[in-house]
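Listed after this line are the structures, all set down as structure tokens.
Here come two complexes built around chain A, the first alongside chain B, the second alongside chain C.
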Partner chain A sequence: MKSSVSCADDVLVSCRGVWKVFGEHIEDAIQASRDQGISKKQILQDHGCVIGVSDVSLDVKRGEIFCIMGLSGSGKSTLIRLLNKLIEPSAGQVLVKGQDLATLDGPALRNVRSQHIGMVFQSVALLPHRTVLENVAFGLEVQGVAKAERLSAAQRSLDKVGLSDWASRYPSELSGGMQQRVGLARVLTCDPEIILMDEPFSALDPLIRRQLQDEFRSLTKSLGKSAVFITHDLEEAIRLGDRIAIMKDGVIIQVGTAEDIVLNPADGYVADFVAGISRLHLVRAHSVMACHAAWGMRHPHIDLATLPVAGPQADLDELINCLVLSRREALLIVDDGQPIGIVTPTDLLRGVQGAEREARA
Partner chain B sequence: MLTDMRFSPGAVLAPGVDWLNANFHPLFAFISRVVDAVLGGFEAALLALPAWGVIALVTALALVMINVRTAVLAAAMLGFCLLSGLWTASMQTLALVSVSVLLSVMIAFPLGILAARFKRFEQASSPVLNIMQTVPPWVYLIPAVMIFSLGKVPAIMATVIYGVAPMMRLTTLAFRQVPRHLLELGQALGATPRVILCKIEIPSAAPTLLVGLNQCILLSLAMVVLAGLVGAGGLGAEVTRGLTRMEMGLGLRAGLAIVAVALLLDRLSRGLLQRKPVRQH
Partner chain C sequence: MNLSTFPANFDAAVDAGLEWLTDSGAQVFDWINGVLTSLVDALSWVLNLAPFYVVALAIGALAWRLSGHWRSAALTVIGLLVCALIGMWGETMSTLALVLAATTLALLVGIPCGVIGGLWPKLDGVVEPVLDLLQTLPPYIYLLPAIALLGYGSATALVATFIVAIPPVLRLTALGIRMTPRAFIELGEASGTRPMQLFFKIRLPFALPSIMTGVNQSLMMAFGMVVIAGIVGSGGLGEAIYGAIRTLDIARSIDAALAIVTLTLILDRLAQNATPSQREAQNNAH
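Take a look at the complex of A and B:
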């Protein structure tokens, strides 16, 4: 097992052409959908099958948070359950740390689930008859770890999520946000490399949700975990995800960083989604800057060397601050000491405005 | 002629019972002996101490393991049985019910889980359970007596048939009600099916299982009383005697003692099974 880990070093979870179809005549439905490109709706009419996940291929790398964003019914919850085989794929391969889940027998699959791939649920799924500490220790209890050892590990996880004082309480005494922290502590206790998050924060109020998002991101990064995070909220995906996959009708339409998706939406559906997203922290200098030489020609009385400078990775928010405080005409973008472009107030306004830029210009 | 047409299942069943009796006599004799021995053990244990000793012991145990209220109630109920002069009969009934309920649960619990797991099995068992629950209970006494002859064993057998149905139905219901996300949690943590059953399903199903056990106890008690007719002894025999001799006093005392035993069993079983604090939302 160890050897296969090393050859698939930076890809922890990999889906290759994975399908999940619910119903009878599954083979026919997959064939019709794959070869003839028949729509999900038509497949339901012709074959009586519901397509949950349609030909999904993706790779989750070590240390990254991979967000899957889609509306309800897009198949994202089905997809995440394929990753630890809570649901069996109809076709295709799911590899966890290089191992094909389909080839594992019962004990081997349980081993993968308990050691390598943890899961946090939207409904939290705490056992009501156990204390918070016992709930957090439950994963280790299932693995047969001795009581003293598992309880002290559970206490350490509770410390990490800031709930050490609540160990002996029962889940029903905790607020929704605290319960979700317990869910997170439970998965951390088992110390898996990969954490599957199934819309964990969807039911929380906006303030708590933000707080948990930030905590989750910093915790995951500091512990060096990888995560697959399901959400229906694009803003959440952007805050958390190193990469984001947009899903619709069981198909992944686009995969990329937040900036990729916001600046270059793959189709109208994605464009509609990103239309309302604030670009202040997404759009960076290199994608709004203009040619500094041409600008210099048009403004011969301004010495470029006296302009304030910023790096190509500075986001709109920083650029606006910098420009406003300096009270100058433009910002010079400098990379490795060389000027590479210029950003004017007009560029900034267009950058904030977003994709309709060309259409209006 | 229409009037000549008769449907008489007894004509089929009676020879069937005879055949069973003739060919499986050693088996039935064995069952009879085992049940008798277990029942004898229960009875002997309950009657070994003097009445006051039993009352003190049960009250003390209820106090330690459950709570003060249950302890007071247990003392009052057992005290009533003693003061009404029906101590021995009450203990016999208690033993009969305990053994019947034990057997019913041992049969109904696994079958109930099977029915919750396999839809087909539930569909097949449902009409059988319906019949078991609607046929007047003393009808079971007839084949039971034919096979096990008079006494306590046929009474227990008839009681078990009667008690299995509610316990099995509620077991099935209880396991169906276990939230799906808890089962997913067990799987996602890599738990074996046995661990999921013992640590997730049974605790989650406990409240409904308790209702089933409660029903099983109360129905068994009703049946055990009826079984006084076939010589099972206990409070049922006292009620029968009160009825045949038209002795209002005896009948009433025996009836109230039955209520006392019912309350005692109900509260004790509930208290013991709910000992862990389950705090609901």
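Take a look at the complex of A and C:
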């Protein structure tokens, strides 16, 4: 009993069999899709319904950054709006901190939105007639917090995103990257446990985007927040996400860590996506190593004990550095003082190429 | 039915209907007439309280405050002094009183109705055809029911002007409220705003420029109508023009026209400068 309680505590946001269908005859469309496996396109023809989100179940844990990656039209933006009930689900349950959003009345839902689950938008949505500081204080203003108190809280969150000097400026005076920082500061002011990020960095140029990704990740981790991060960019998902869900046509095809998804794509669609992703920092020694005993038999003149060693969690980048600098034939992978495998230059090259190509060759 | 007697019969029926309406509603119409007339009279009295140069300087100061330029203030004062010099001061002030009264009433009705129409688009199906009709008919038409029920005088002019001034502000208010960007509605909802907070903190600020444009347009419509209303005894410049034309006193009608043009330009500038714009907010920040 106790374990189930603590488990529920650790899951902050949970979707159970959630559907969102736009149109009439929603029930029929869901039934046809669920029971007969009819495609999204066919449902649109037969029932005149557009399936936005199809039977999604997921759990976001405390302290985790959960990325949802999908192309436009995959339903990711609809899904994130179901998590704070900006959109109401057609079927299924959405639980935030164990509370089913569907059972909450107006004030209770407003309370959840204002205190527990914040949102940052792609368009930033800074009110143009207010200063940066007033924008950042907006959430507390809505909650009725006294002016002096909310402005000082807003100033503190501006400090966190490094924009304390811009408090009295207007949003139009800020660059896109700065505006998005203000959006982040605004959500931090209310101190929610969960932050919903709806493609916040998509419109920014690559350098600024990367900088903001790193800032966002370290800020979220240092403040102990959980985040659901929507993106159409797999590299962004990999940089940020503790776990990644890949979405297509309203369905979550695969959920896992970046390494899971890159090494074991669930289907051809995911495989195509990960094909161009650099594996240097994703693939680790334990997934490319070969049996050290067999290798030792084939190379009797080499004493395994003299080979340079690395741990099973070392990534390809480290392994390559280690092997090149040592100028030896191979690396011995050691766990708890015991040799568990060997990595040769061939293994490293295949690792960089990707697992699926090795299988083809 | 005999077609030759039809017009006479129709007229008789209309007369009878109107007679019944004026008889049975006499008290109501008298009361309305009294309230409206005293409203205009009171405003007119206030405007005539101070000597013309004081009023001109006060309006000039207002122009300076709103626009921030001494030149528009100077032009305002000069324009008003010209009105006084050509002997039209009393008429100008009574026209101003009528326009302000009619526009204020139109705003009191138009802005709330526009807000409701903007928030509930379904009401548009009812409101839009009515507004279309109001704006399609020549403004002259509104003098007829007003004069039939309220008689000759400033109350009739006020009602007709009021009707003509409602549609612009109502339309533009509804438009402004409806055009709140989707992302900001989502921001409000995701921040946990109550419906009233969403309206006052997000919808209204975005709608304000559109509403102020509506106020300005209503004011201008009211000006146009006040001149036409001269023929039902509006008093002021409209009646001065109407009277001057009937007696072929061309010089006096040009004096009155000059005063109207001056007053219209001044009020238009004042209303436009009172409109808050986002650019202004930015300029203030620098």
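As a convention for this text, the second predicted complex is superposed on the first by the 349 of 361 C-alpha atoms of A that agree within 3 Å, B and C clash if a C-alpha of one lies under 4 Å from a C-alpha of the other, contacts with A are read in each partner's own complex, and residues count from 1 in each chain.
Criterion: a contact is a pair of C-beta atoms (placed from the backbone, for glycine too) under 8 Å apart; a residue touches a chain by one contact, two chains touch by 3 or more.
This structure is a prediction, so every number in the text was calculated from the model and none was measured.
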{"item": "Clash or fit, chain B versus chain C on superposed chain A", "value": "clash"}
{"item": "Which of chain B and chain C A:264 touches, first, second, both or neither", "value": "neither"}
{"item": "Partner chain(s) touched by A:168 [first = chain B, second = chain C, both, neither]", "value": "second"}
{"item": "Which superposed partner A:128 touches (first chain B, second chain C, both, neither)", "value": "both"}
{"item": "Chain B versus chain C as contact partner of A:86, first or second or both or neither", "value": "both"}
{"item": "Overlap of the chain B and chain C footprints on chain A, listed as residue numbers", "value": "81, 84, 86, 109-115, 118-119, 121, 123, 125, 127-129, 138-139, 141-143, 170, 172-173, 190, 196"}
{"item": "Of chain A, residues touching chain C in the complex", "value": "81, 84, 86, 109-115, 118-119, 121, 123, 125, 127-129, 131, 138-139, 141-143, 168-170, 172-173, 190, 196"}
{"item": "Partner chain A, residues of chain B touching it in the complex", "value": "179, 181-182, 184-192, 195, 199-200, 203-204, 206, 276-281"}
{"item": "Footprint of chain A on chain C - complex, ascending", "value": "181, 183-184, 186-194, 197, 201-202, 205, 276, 278, 281-282, 285"}
{"item": "In the complex, chain A residues that touch chain B", "value": "81, 84, 86, 109-115, 118-119, 121, 123, 125, 127-129, 138-139, 141-143, 170, 172-173, 190, 196"}
